[in-house]
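Per-chain numbering from 1; labels A, B, C, D and E assigned in written order.
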Amino acid sequence: MHLVYPLVLAVLLFGIGLYGVLARRNAILVLMSIELMLNAVNVNLVAFDMYLRDTLHAGQALTLFVITIAAAEIGLGLAIVLMVFRNRATADIPDLRELAEHKEGSV
Amino acid sequence: MSVVLILVVAAPLLGAALLLLPGVGDRAARLIGVGATAAALVGAVVLACAFRRGRGMRFETDVSWAPSLGLRFHLGIDGISLPLLVLTALLTLLVAVHSLWNIPPGGSSRAFVALFLLLETGTLGTFAALDLILFFLFFEVVLVPMYFLINRWGSPGERGPASYKFILYTLLGSAVMLLGFLLIQAKTGTFDMVELADRHGAGMSHGVQVLAFLAIGLGLAVKVPMWPLHTWLPDAHTAAPTAGSVLLAGVLLKMGTYGLIRIAVPVLPEGAETFAPYLAAFGVVGIVYGSLVCLALLRDPDGDLKRVIAYSSVGHMGFALLGIATLTPQGVNGALFVNIGHGLVTGLLFFLAGAVKDRHGTALLGRLGGGMYGRTPRLGALVAFGAVAGLGLPGLAGFWGELLAMYGAYEPGAGLSVGGYRTFLAIAGLGTVLTAAYLLGLVRRLCMGPAGGEPAAGVDVTGPELVVWTPLVALTLVAGLWPATLLAITDPAVRALMGGS
Amino acid sequence: MPFDVQSIDWLAISPVLAVAVAALVVLLADLFLEGARKAVLPWLTLAGLGAGLVPLLPLRADGDDARGTFCSPSGCSYVVTDLTLVVQLVLLGSAFVVVLLSMPMVRAGGAEGAGDSSEVPGGEYHFLLLSSVTGAVALAGARDLLTLVVALETLSLPAFALVGLRRDGRGGEAALKFFLLSAGATAVLLFGVSLVYGSTGSVHLARIAGELDRLDPKLTHVAATGAVLTMIGFAFKVAAVPFHAWAPDTYRGAPIPVAAYLSVVSKTAGFAGLLLVAGIAFRPYAHLWGPALAVLAAVTMTAGNLAALRQTDAVRLLAWSSIAQSGYVLVPFGTAAGHGEDLADTLPAAVAYLAVYAVMNLGAFAVVTLVARERGGLVADHRGLFRAHPVAALAMAFFLLCLAGIPPGLAGLFAKVTVFQAVIGAGTGWLAVVMAVNVVIGLYYYLAWTAQLFAVEAPGMPSLARSEGPGGVRTGTAPMPLPLVAALVLTGVLGVLLSVAPQLVLHVLTVPGLLG
Amino acid sequence: MSVLDVCLRLVLVLGAFLVLPLVIGQTEHKVMAHMQARVGPIYAGAFHGWAQLVADGVKFAQKEDIVPAGADRRVFKLAPAVALIPYFVVLIAIPIGPNGFVGRTIDAGIVFVLAVMGVGVLGSLMGGWASANKYSLLGGIRSAAQLMAYELPMLLAAASVAMAAGTVSLPGIVEGFEWWWLPWQAIGGVVFFTAGLAEIQRPPFDMPVADSEIIFGAYTEYTGLRFALFLLSEYAGILVVCALTTVLFLGGWHGPWSDSVGWLWTLLKIGVLAFVVIWLRVSYPRLREDQLQKLAWTTLVPLALGQLVLTGVVKVAT
Amino acid sequence: MEGYYGTYALVGLVLLVASAFVAVAFVGGRLLRPSVPTHEKLTTYECGVDPVGVGWAQVHIRYYLYAYLYVIFAVDAIYLFPWATVFDAPGFGATTLVEMFVFVGFLATGLLYAWRKGVLAWT
C-alpha cells in the first residue's frame, strides 16, 4: 500500500483535531479533538513503521505509548472536567474566567 | 597581591555586614559607618603614600574567580585611579561624619549607613577593578543602594519617580556597556583591562571597535552624564538626601568619565577616534546647555538650588568629556582634574545646599529669598566660595581641569579635525562665561540683598558642619594652588594609557 | 536480531529508580498508615529525593565518559552525561525545596474532607509530586524520542493533578486550562515526533542527527515540519510566548508550592528536553530553529516582562516573570545559528542559567508562601515584611535582585552575563540588545517589590506574625513554620554561595561534550 | 489462496456461526430442564423438541418490530448488529484443528480476538442508551462496567499463555501446548473462563439483564428479529468464550490421534465447556453489581497477575 | 490474499459477510412481519405502568471510576503482549522477567490503591 494514503488520513485527522482544539468551547469536545490528534499520530507512526521496515519497531512501540498517554490524558482530563463541572456547573472554557486577568487590573 | 587595596575596597562592605548583625543600635550604626569609611580612607592614604609614580599598575591582585566566564578578580591602581580612590574615600567619610548628626527621616539609620557603605564599596571597586566584568560588577553595585537612598530618604513627592528614573537609566546604560565588554572579549578572548590597553585594539576590526565603543560609550555616557542622556541626573539630585547628592555628584559621576579614560579610549583606539568628535560636541553642548538651564532656573521662582547644582554638574562633566575627546594626554589629564575638582567643589556645594534646605525647609530659590550674608554670614561665605570655585576661578580646584581640557582641544590628537576642535574650544569658552554668569547670579540671589522669603532658622555654620566642610575647602585650595601634585601622579599613567611616551 | 538489551546499568538509572520507588512507598504508606502517623509522608518524600541525589556523586566521580544503558545498535536510550547530572541535580534539589515549601500546606492526617479547602491531601500530593519528578529526572537522561515522550508525560500528567488537587473552583479551573493546552501541545509534539521518525527512520537522537545530515531532499520538508512541531511542543512546556497562555492562570490557581514546582522543576525539565532535541537531534537544522528560537526568546521575554509590570498578585507576577526568564533561557538557543555546528559553545549557558534560576525563583516562592500564609498573596501584602521577618525580607530582596540580575544579586547577574556572553559570542547583537532592554524592564517590577519589603506597613493592614502591641511592646512572635525556614535557608545559602563562587554552576560552560 | 479456498472458509465460518450457537441453545434448554426435573422442549421437530430454536427463530421473524417513540431510532436499530457481528468475525481466527484448520492465522491473534470481542459490548450500550428507557440505560451502563472490569483479568490471563508459548498467534499457542501446561496455567484458565462468562453476561454474571429488577436490561424494548439477534449473540458469545478457553488453556486439538481427529477434540472440549456454562447458570445465584466489580478487581486481577509471575518464573527457570 | 494486508482483507471479507447476514435477516424480517404501530406499543416500557420522567436518567459516577480503572489497566496490560513473546528469547532472561515484575508490581499497587481508597466498595 502506498505510504501517502495513511499519511493523508493522518494529516486530515490531525487537522480536524487541531481545529477542534482551537474552535470548540466545550472542554469535553476539546478533549475529543485532542484524542483525534493523538490518533493521527498513531496512524502516522504505524504507517511509517511498516514503510521503513524498522527492525526495532520503534514506531509501533511508540504507538503503544501514545495509546497509553492518550488513555491517561483522557482519564485525567475527564476527572478535571468533572471537578470543574461540579464547582461551576459548566464545562465551557470561555466561561472559566475567575483566574483570568481582568481588564481593570488584576484581582 | 595587595592586601591593603583589597582592604580599602572591602572595609565598607565589612562595615555594612557588621550592621546586619542583630542588636546594632542607632548610634552604634552611625559610628560603624564612620569607622568603616575612616578605615577605607586610612587605607587609601596609605596607598597614596606608598604609591610609586610612573607607568604600570601598583598593588595588583589577580585571582581567577569564575574561569568559565573568564572573570578574574583583578584589582590594582595607577595614577589615574589613585586620586579618585582617595577622593571617594574622603567624601564618603565626610558623608559618614555628616550622618552622625544628620540623617533625614525615612528609615532606620542602620539601613542608611549600610547603604552608603555599600555604595562606597561599589565605587572604590570600580576605580580599582582591572577586569572588565569586575568593573561592570562594581559599577552595578552602586545602583541598588543609591536607589534606596533616594527612594527612602529623598524628599517626599519626588523621590519615587526620581529613584526609578535613576536606576532604570543607568541600568540600561550599563547593560549596553556589558554588551560592549562581551563583544571585546569575544574578539580578543580576555577581559583583562591592562592587557587590552596594552594591545591598543589589536585583534579587533574597525567595525568591532566602533560597535564596542558605541555600546560602552553609551553606557558610560549615561553615567557621566553626557547631554542628552543626562535627564535622570537633575531629578535624582533634587530628590536625593544630602548624603546621596554628595556621593552622586562627587563620586558616582566620576565612574563614567573614569570608565571612558580607563577602558573606552585605550582599549578601542579606533572606536575612540571615530566617536571623539561626537563626544566632544556633546560635551560642549552639555556645557552650554547646563549653563543655560541654570540661568533659566535662577529666574524661575520654582527653581531648586540642588537642581541648579545638578545642571552645573552637567556642564562640568562636559568639560571632562571634551578633555577626553581630545585624545591627548593634556586633555585627559584635564578631564581627570575636572573630576577631582568637581568632586570636591560640588560635594561641598551639595553639603551646603543640604544645610540650607535643613535650615529653611526648602531649597526652592523663590522661597529662600536672599540675604544670607546677613542672616548666616559664614554659610553665605562658603556658598560664595563654592560658587566661585565652581566657575573655575584660578587658584581653585575648578580652574586647572577646564584649562587643560581646553588646551587639549586646541591641539587635538592625531587624526582629529583641528578646526572642529577649535570651534568646540570657542563654544566651551562661551560656556565658561555663562557658567560664571549663573554662579555669580546664584551668589547674588542667595547671599546678597535683603533677607526675605522663608523665616531663617538663624543658625550659622555649626561645629560638626565645619568639621565636614573644612577638608573640602582646604583641598579645593590645595588642588587649585599646587596642581602639579596631582598632575605628577596622573600624567605618567595617562601617557602610558594613551600609548604616548 | 540478536542484540544484547539486557545489560542494565543500574547505577546510571538509580536516580530515576530511587524517586520512583519513593513514590510507590509514599503511596503505600498513605494507604496503610492511619491518622497522625501520616505526618511521616513528607519525610519519606524528602528521603526519596535525597536518595535520588546520592547516586549523582559516584556518577560524577565516574569521569567524563558517558554511561549509556538500554542500548540497541542505533544508540542508547538513556545516557548519563554531565548535562544529565547537572539537570538532575537541579531537578531533585528543586523538588526537595518544593516539598519543604508545601509541608505546612499539606494535610497530615485525618479523614477525607476534613480541614479547610486550602489544604491538600498529603498522600496524593507527595505521590504525584514524586511521580512527576520521576518523569523529570528520567527526561534528563533520555536519548531517544520514546523515552523523551514518556518521561515528558510522566512529568506532566501528575502535574495536572497536582494543580487541581485543591478542590476549590480555582484549582479546577487552573488544572483544566493547564491540562487542555498542555495535552494539545503534547499532541502537536507527538505529531512532530512521528514525522521525524518517518523521515529519518530512527528515534535515537544522535542517529536522527546523522540521518538528517544525509536526508533525501524530498523528505527535508517533512523532517523540518516534524522538528518544528516537536519544538513547539517543548515551547509550550517552558511557557514560551505565544505558547504561554496557560502559565499565569495555572500558577495563580495552583497551590503556591505547586506553582513553584511548575515554574522550576517542570520548566527545567522542559528546557532539558528542548536542549536534547534541539541540541542533539536537530543539530543539523540549527540554522533553521536558531533564528526562530531567537525571535521566540525576544518575544517571550518582552511579553513576560511587560505583562509582569501590570501585576499586583505575587504569584501571578512571578508567573509572568518566569515567562520572561524563560525568554532569557531561550536566548542561547536563539544564538545557535551563529555557532554553526558547534552548539557546545552556546547551549550550556542555558543550563547554567536554569540552575541559578532554580535557586532564586524557589527562594522567592518560599517567601511568597510565607507571606501568603500570614497575610495574603498580593505584592502589597509584602509591605513591611522587613519589620516582621527581617531575615525573610532580606532573603526576598536578595532573590528578587537575583532575578533582576543586579548586585547584590550576583548569582543572577552572573547567569545573565553568561547568557549575554553566549549571544555576543555568536554575534546575534540584536537579541543581546533586546535582552538588555528587558533586563531593565524587569528591574522595574522586581525593584518595586523589593521596595515594598522595606516600606512601612500601611495602616489597617493585617499585621504579620511579629506584631507590636500597645506602647511598642512586642506582643509575641508567631514562629515561621520550620520547613519554610529550612527552604529559605537552603535557597538563601545556595544563592549566596553561587554569588560568591559562581564557578560551581558555570563549570558546565566548559565541560567538554556536555551534550554527549 | 484461491478464491474457492476463501469461499470455502467463509462458508464454513458462517455455518459454524449459524449452527453451533443453536446447538448450545438447545442443549441449554434440555440440560436446564433436566437439572430442574423438567423435560424442556419436546414437541417441535418431534425428537426431543430438537427444532425448538428454529421454531423460535421463525416466530421472532414474524413478530412486529417495535421502535419506541422516544428512542434514538438509528442507533436503536443498529445495536443488535453491532452486538452480533464481532462474534462472527472472531470465529475466523479460532483454530479448530492442526495444519491450518483455521479460518485465518492472524499474527497478533490474541490481541485481535480480545479487541474485537470488546466491540460486542458496544451493542448492549447502544441498545441501552438508544431505548430511552431508564432500565435499559442502567442495563447498558452495567454491561459496560462489567466488560471493563473483566476485560483486564482476561487480558492478563491471555498474556500468561502468550508468555508460555512465546507467541500471540492462536495456532502458534496451540502448537506449543504441552500437557503440563494444564496445571501450570490452571489459574489463568479459570480466571479467563470466569471473566469470559462475565463478558457475555451469562449467569451468575447477568446483572446487566437482571430481570427481577431492571426487566431485561438493555434489551427491554427490543422485539422480534432484533431481540433474536441479541439472543443469538449471547449464544455465539458462549461459543467464542468456550472456544478461546479451549484453544488457550486446554490445548485445542491436542489429544490422542490429534493429527486426524484434532478438530473433534476441539469441538468436544468446547462442548464440555459449554455444558459447564449452562451448569453454572443453573447452580449459582446472581451476583450483585458491587460484588461483580469486587470479584473482578480484588480476586481475578490479582490471581491473573500471580499467574503471570508464575508463568514467567517457570518459563525462565526451564 | 497473502501477507499482512491479505490477512486483514480476509477479516474485512468476514465482516462483510456478517453484515450481509444481518442485512438479509433484517430485510427478510421486514417482509415477514406485520407493522401496526399504536401509541401504547410505542410507549417506553416500565412494567406496564405509564413511564415516569425521561428515559435518560443520571447514572452513578461510580461507573466512571470503573471506566477509569479499566482504561488505565487495560492499556497498560497491552505492554505485556510484546514482552510476552520475547522474554525468554536468548539475550533476555531473568532481568527482563524482573523488569516485568516491576511493571506488574506497579499495576498491582495501583489496584491496591483503588481498593483501599474504597473505589470498589458500594456504600
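Keep in mind that, in the parts below, a contact is a pair of C-beta atoms (placed from the backbone, for glycine too) under 8 Å apart; a residue touches a chain by one contact, two chains touch by 3 or more.
Quick caveat: nothing in here was measured; it's all calculated off a predicted structure.
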{"item": "Least hop count linking chain C to chain D through chains in contact", "value": "2"}
{"item": "Any chain in contact with chain B as well as chain C", "value": "none"}
{"item": "Distance-maximising chain from chain D - centres being C-alpha averages", "value": "B"}
{"item": "Chain occupying the middle, per Cα centroid", "value": "C"}
{"item": "Two chains sharing the most C-beta contacts", "value": "D-E"}
{"item": "Inter-chain centre distance, chain B versus chain D - centres from mean C-alpha coordinates, in Å", "value": "94"}
{"item": "Separation of mean Cα positions, chain E and chain B [Å, integer]", "value": "82"}
{"item": "Distance between chain centroids, defined by C-alpha means - chain A, chain E (Å)", "value": "22"}
{"item": "Computed distance of Cα centres, chain D from chain A, in Å", "value": "34"}
{"item": "Where chain C touches two or more other chains at once, by residue number", "value": "none"}
{"item": "Of all residues in chain E, the ones touching two or more other chains", "value": "4, 78, 93"}
{"item": "Shared interface positions of chain D, touching two or more other chains", "value": "none"}
{"item": "Pairwise chain contacts under the document criterion", "value": "A-C, A-E, B-C, C-E, D-E"}
{"item": "Chain C-facing residues of chain A, complex", "value": "10, 14, 17-18, 21, 27, 30-31, 34, 37-38, 40-41, 44-45, 47-48, 51-52, 54-56, 58-59, 61-62, 65-66, 69, 72-73, 76-77, 79-81, 83-84, 87-88, 93, 96, 98-101, 105-107"}
{"item": "Residue ranges of chain B in contact with chain C within the complex", "value": "20, 65-69, 71, 107, 111, 118, 122, 133, 136-137, 140-141, 143-144, 147-148, 151-152, 164, 167-168, 171-172, 175-176, 178-179, 182-183, 185-186, 211"}
{"item": "Of all residues in chain A, those that touch chain E in their complex", "value": "1, 50, 61, 64, 67-68, 71-72, 74-75, 78-79, 82"}
{"item": "Complex contacts: residues of chain E adjacent to chain C", "value": "90-93, 95-96, 106, 109, 112-113, 116-117"}
{"item": "Chain E residues within the chain A interface of the complex", "value": "4-5, 61, 64, 68, 71-72, 75-76, 78-79, 82"}
